[in-house]
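These notes open a run of structures that come right after.
Each of the next two complexes has subunit A plus one other chain: subunit B in the first, subunit C in the second.
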Partner chain A sequence: MNFIKNFFRKFSVVPLAGWLLGVFAAVLIEFYLGEDVISYYLYLPKVPVLFGALVMLKEPILIPSVLAYDLLVYVIPILLVARLTAPLTNGLAAFLENMPLWLATLLHLIAFYGVLHLWAGINDYRVLVVKLTMIAVILTVSLNIINGYQGEFSCSHPGFMALGAYASSVLTLKLFANDKVFGAALLPPEYGPYLFPLILIAGGLVAALGSLVVAIPSFRTRGDYLAIISLAFLFIVKSAIENMELVGGPRGLSSQPNFASMPVVFIWMSLCIWVIHNFTTSVMGKALNTVRDNEGAASSMTVNTRKTKMTAFMFGAFWAGVAGGLFAHVLRYVNPSTFGIQKLAEILAMVYFGGLNSIYGSIVGAVSINVLGEALRPLELWKWIIIPLILILVMIYRPHGLISFTEINVEKLLRARNRDNDTGGE
Partner chain B sequence: MTALLEVKNMTHYFGGLRAVNDFNLAINPGQIYGLIGPNGAGKTTVFNLITGVYTPTEGSVTLEGNNIKGVETHRIASMGLGRTFQNLALWRHMNVIDHIRMAHYSQLSYGLLGAFFGTPTMRKQEKEVYDNSYRLLEIFDVNQFATQNIGNLPYGAQRRVEMARAMATKPKILFLDEPTAGMTPDELVRMIEIIKQVHRDFGVAIFMIEHRMKFVMELCESIQTLVFGEVIAEGPPEEIQNNPEVIEAYLGKEDLH
Partner chain C sequence: MEYFLQNLINALQWGSFYAVISIGYSMVYGVLMLFNFAHGDIFMVGTYIGFGIATLFLALFMPILPGWVIFIMVIIVTMFLASFVGVMVEVIGYRPLRGAPRASAAITGLMIGIIFETGNLILLGAQRFSFPALIESVSYNVGGVYFTNVKVLIIVVSLVLMAALHTFIQKTKWGMAMRAMSYDFKAVPLMGVSINIIAPLTFAIGAGLASVAGILYGQAYPVLDPYMGILVGWKAFVAAILGGRGSIMGAALAGYLLGFIEIFVAMVFPSTFRDLIAYSIILIILTFRPRGFFGMAHSTQLRL
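And then the complex of A and B:
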C-alpha cells in the first residue's frame, strides 16, 4: 500500500496542463506509430478503438496484446511525460495564474479540444462516440438542474430532447436541404453552419415552451405525482410525433445536413457547462436548492418559488432541446422511438451515477456510462446486466452519486501544483 | 404615528374549524411584542396568516399602510417582513454563507440572463451580497462556520444562522417563532443578547412567540395571550403574568411562575 501511495504522491505535482501534455504525447505516439508499428508487432488487427475493450471482449486471446498496447501507447507515455515535464508545465500553470481566469480556462479548453480532436480523428467510430458523449454531457448536466438542483424527479427529458431534435431538423431541412417533404432549400447551404446556432437555439426554445406543460403542474405537485406527469408528457410527445405525417411519423426524419461537426458539439457543450455553472453558483440558481430543501423557508426569504420552478424546467428543457438538435444532426436521422423510455433510463442513470447537484459529477457520469456502454457493446445482453449492477452498487455506497454536491472550482483545477512539495521533498 | 403592522378583525377557518377569531394587533416601529398561549392555541397560525402562508378568511392585514392580505409570501417578505421558524427551516444541503446569500434574492436586479452569462453587473451584485452576508455572519458570531454545511453546526449556532438569514432580507419587522425552543440556559442568555442587539442595531420591530416567561419579561414591551384562537388578555408582561384568566388558561400545562 505504501508503495502505491508513494507512487501517487510522485504525480501529485503534475498540474492539469501537464496531464494534457502527457495525453498529447500518447496521442502523437498512437497517431504516428499506433497502426503500423505497435499494433503490427502486437498482432492486433488494427488500432484498438476504445482502449481495446471491444477487441478484448470479442477475442479474449488478444487480451495480452491489448493490455500491452494500452501500456505502451497510453499509460507509460502519459505518466512519463506528465511527470518529467512537471517543472515546465508548473511554470506554465503559474504563468497562466496571473492571467485572467477566462483566458487561462479558454487556453486549457483549446488544448484539450486539440488533443481530443487528434485522438478521435484516428478513427471515425471514435468521432461518433466522442460526439455522442458530449451530447450526453449536455443532457446530463441539464437534467441535473431539474432532478439534482431543483430536486424534482422529472422523466420528460427525452421528450424535451425530441422537441428540440425535431424542431431543428425541420428548420435545417426546410432551409438548407432539398428534401422530398419540405421542398427545395430556401437558403444556400453555405449559410448553414452560420445559422445552425440560431436553429439549435430555436430548437431549445421549442423544448422550453413544451416544458411549461410539466412546469405549471409543478407549482402544486411534487415527488411521485410530478414524476408521473412528466412521464405522461414524454409519451404524449412521442406519440404525437409518431402520428404527425408532416414530420415522417414513425419513420422519422433523415438526411439532415452535416452541421454538427466535432468542434461545434464541443463548443456547445462548453457553453452549456459554462452557463449552467454560472447559473447554479449564483443566488438565482441557488434558489433551486432552497425550493428543494424547504419551500416554505424559501418563500419567507423572498425567493419567488414559482419563478424558480419555471426557470428550472424551462432552462433544463432548453438545453435538452439543444442537445436534441445536435443529436439529430450528428446521427442525421431521428425517429420517435429513439426518445423513449430507454433513453430516459440512460439519462437518469448518468445523472444518478455521476452525482446530484454537481456539474462535475454529471460530466463524470455521462462520460463513464457512455464510454462503458460503448465498450461493453460486444457483451450484448450482459451489458444491460453489468451497467445496472454498477449503478446499484453506487446507489448503495454513495446514495447521492459518485461526486455529489460539489461545484467545479476552475481556479483550483488549473493552478500549479509544485508549491506544497517544494519543502516536503520526495 | 401609524402602526408599522396592523391587523384588524382577522378570522380564519380551516374547513369548519375556527382557528383564529377576531385577532387584532398593532405594532409600532421598533416595538417588541410578544404572543403567548398554550399549545394548540393558534400562535403559529397567526404567524402564517400574517406572513402570507395562509390567506385569512376575514379581516385586513397592512404593513406600513399597504395591504398584505392575499399577497404572495415572497412578496410580503421582500416588503419588509422577516421571520424565523419554530422548527428551524434551514436548507440541509447548503453551507452557512449561502443561506445568508439566498436571503438577498429579492434585492438582486441582474435577472436570469445576468445569472446565465455572469455579466459584470451580476458579478458586482454577487460580490456585494457576499460581503454583506459575511458581515451578518460576523454580527451573529457564526462567521467561523461560513463554509461549513449547516447540518454540522451546533443547535444554538443554527438558530443564530436562521436569525442572520432573516435579517438579510432587510426586514422592518421580524417574526420570531419560539426563538429559544430547545436551547440550553447558556444559549438562552446568549439569544436574549442577540435579540437585544438586533433590536438596537437594526432598529427593527419584533413580534415573537415565546413560552419562557423569563425571556418574554426581559424583552417584550407588550404581550398578547392567545387561547383557542382568541386573545384573552393584552398588556405589559407584569400585568399579563398576574392576570387570572391567563393563569387559568395555562394551569396544568405550564408553570408560569
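And then the complex of A and C:
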C-alpha cells in the first residue's frame, strides 16, 4: 500500500503539460516503431487499435503480446518522459501561468489536438471512434444543461439532434453537392468547408426553434409530464421525417460532403465546452440551478423562470442540433431510425453515468461509455449486458453519477506542480 | 357505419393491450412514485414465458382437455411465473435505489430493459417464434361487421382482469395497504405496513397483468421478437401518464383512447401518419391539461 502511495507521490509533480509531452512521446514511438518493430517482434498482426482491447477479446492467445505492447508503447514511455521532463515542463507551465489564461488554454488545446491527431492518424477506425466520441461529448454536455443544471427529465435530445442533422444535411446537399433530389450545386464546392460552420449553426437554430415545442409546455408543468411531452416530441420528429419524401423518408439521406474532418469536430467540441462552461457559470446558469432547486423561491427572488427555462431548452437544443449536423457529416448517412429510443437511452446513460450538473462529468461519461462500447465490440451481444450492468452498479453506488456537481477549474488544471503550496496540507 | 363498427372492434382490441400494460406502470407509480421503465420488457418476457407454457401445455394436454381450459391454465401459470420476474426487478433493480434521485431509478429501469432484450437474444437466438393458437379462430358476421372470437376473447379477458384488479384494490386488505401507500409512502410504513412487501406485490401484479397482455397479444399477432416490448411498452407508458399518474382507471381509459386514436388515424390518413398524429394529440392534451385525465395536481417540487 505504501509503495503504491509513494509511486503516485512521485508523479504528483508532473503538470498537465508534462503528461501531454509523455503521451506525445508514446504516440511518436507508436508512429515510428509500432507497426514494423514492436508489433512484429510481439507477433501481433498489426498495431492494436484501441489499446488492444479488440484483439484481446477476439484472440485470447495474444493477450500477453498486447499487454507487452501497451506497456512498451504507452505505459513506460508516458511515465518515464512525464517524470523525467517534469522540471522542464513545470518551468513551461510556470511560464504559461504568467500569460493570459485563454492563451495558455489554447496552447494546451493545440498540443492536445496534435497528439490526438497523430494517435488517430494511424488508422481510419481510430479517426471514426475519436470523431464519434467528440460528438457524444457535445451531446452529453448539452443534455446536461437541461437534465442536470435545469433539473428536467428531457427525452427529446435525439429529436433535436435529428432536426439539426437533417437541416444541415439538406443545406449542404443543396448548396455544395450534385444530388439527384436536390439538383446541381448552387455554390462551388470549394466554399463548402468555409461555410460549413454557418450551416451547422443553421442546423442548431432549427433544433432550437423545435425545442420551443417542449419549452413552452414546461412553463406549466415539469417532471413526469414534461418527460412525456419531450418523449412525444421525439416520436413526432421521427415520424414526421419518416413521412417527408423530400428528405428520403425512412430511407434517409446519404452522400453528404465530407466536411466534418477531425479538426473541425475538435474545434466545435472545444467551442461547445467553452461556451457551455461560461453559460453555466454565468448569472443565467446560476438561475437554472435555482429553478431546479425551488421554482417558487427563485421566482420570488426575481428570477424570470420562463425565460430561464426557455433559454435552457433552446441552448441545449442548439448544441444538440450542431452535434446532429456533425454526426450526419461524419457518417455521411442519416436515417430517421437512428434517432430513436436506443439513441435516447445511450445519451441518457452517458449523462447519468458521468454525473449531473458537471461538464467534467459529462466529458468523462461520454468518453468512457463510447470507448467502452467500442472496446467491447467483439463480445457482440454480451456488450449489451455488461454496459447496462456497469450503469446499474454506478446508479446504486453513486446515484448522481460518477463526478457530479464538480466544475473544471482550468487554472488549477494547467498550473505548475513543483511548488510546496501545491502539495496540499503537507 | 359497418366500416366504423369494424374499426371500433379493432380499436377496442388494440386498446386492451395498452390498457392492461399501462395499469402496471400506473400501479408502480402510485406506490413507489417512479416509473418502471423496464415494464415494456417485462411484457416481452411475460410473452415469452406464456409462449413456453402454451407450447408445453398444448403438447401435454391437447387431446385430453378442451382449448379454453388450456387457455385458462396457461394464463394462470404464466401470471404466476411472470410475477417472479416483476419481484426480481424490484428487489435487484429498484430496492437499492429507494433514496436515490428518481432519474437514477429511471436509468436503472432502462438498463434492466436492455439486459432483458439482450439476454433473450443470447438465450434464444435471433429466430422468430410463433405463438401457438390456443383458441381456434371462428369468424362471425353480424350485420356486415366481421369479427373473430379471438378478438372478443381479448376484449373480455382484459375487462375481466381490470374488474378483478379493481375489486382487489378496493375490497381487500392488501389493496387497502396499496392505496394507503400511494397516499403517503412515508407515514404508512410507520403504521406497520412494510414497503418491502407492498412494493414487490405491486410489481408482481403489474408483471402478471403484462404477461396476460402478452398472451393475448400473441393470440392476435403471433410473431414474437425480443424488441416487441419497446414500442408497446413506451406507448403504454404514454397512456399511463395521459390517464394521470397513479390512477388505475385513468390508465385503462387512456390505454383505450390511445388504441382508438391509432386505429382511427389509420382509417382516415395513410398508416405511416399514425405515430405523428397520435403523439401530436397527446402533446396537445398534455399542454392544456398537464396532469392527465385523473391525476392529482402536483407540486412544482416534484421532479424526476
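By definition in this document, the second predicted complex is superposed on the first by the 420 of 426 C-alpha atoms of A that agree within 3 Å, B and C clash if a C-alpha of one lies under 4 Å from a C-alpha of the other, contacts with A are read in each partner's own complex, and residues count from 1 in each chain.
The working rule: a residue touches a chain if its C-beta (ideal position, glycine included) is under 8 Å from a C-beta of that chain, and two chains touch if they have at least 3 such contacts.
Because the structure is a prediction, the values reported are computed rather than measured.
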Original post:
Should A:I392 be classified as contacting the first partner (subunit B), the second (subunit C), both, or neither?
Top reply: second
**OP:** Check the residue A:K174 against both partner chains and state whether it touches subunit B (first), subunit C (second), both, or neither.
**Re:** neither
**OP:** In the overlay, answer first, second, both or neither for which of subunit B and subunit C A:G223 touches.
**Re:** second
**OP:** Specify the partner with more touching residues on subunit A, choosing between subunit B and subunit C.
**Re:** C
**OP:** Give one of first, second, both or neither to describe whether A:N243 is in contact with subunit B, with subunit C, with both, or with none.
**Re:** second
Original post:
Does subunit B (first) or subunit C (second) touch A:F233, or do both, or does neither?
Top reply: second
Original post:
So, does A:G296 touch the first partner subunit B, the second partner subunit C, both, or neither?
Top reply: both
**OP:** Examine A:K10 and indicate which partner it touches, taking first as subunit B and second as subunit C; both and neither are also allowed.
**Re:** neither
Original post:
So, A:G285: does it touch subunit B (first), subunit C (second), both, or neither?
Top reply: first
Subject >> Residues on subunit A lying within both footprints (that of subunit B and that of subunit C) >> reply: 292, 294, 296
Original post:
Residues of subunit C touching subunit A in their complex?
Top reply: 35, 93, 96-97, 99-101, 103-108, 110-112, 114-115, 117-119, 121-122, 230, 234, 237-238, 241-242, 245, 272-276, 279-280, 282-283, 286-287, 290-292, 298, 300-304
**OP:** Show which residues of subunit B lie in contact with subunit A when the two form their complex.
**Re:** 51, 53, 72-74, 77-78, 82-83, 85, 89-94, 98, 101-108, 110, 112, 114-118, 122, 126, 129, 165-166, 168-169
**OP:** Within their complex, state which residues of subunit A touch subunit B.
**Re:** 275, 278-279, 282-287, 289-290, 292-294, 296-305, 311, 357, 405
Subject >> For the subunit A and subunit C complex, residues of the former touching the latter >> reply: 147, 151-153, 213, 216-217, 220-225, 227-229, 231-233, 235-236, 238-240, 242-243, 292, 294-296, 341, 345, 348-349, 352, 356, 381-382, 384-385, 388-389, 391-392, 395-396, 399-400
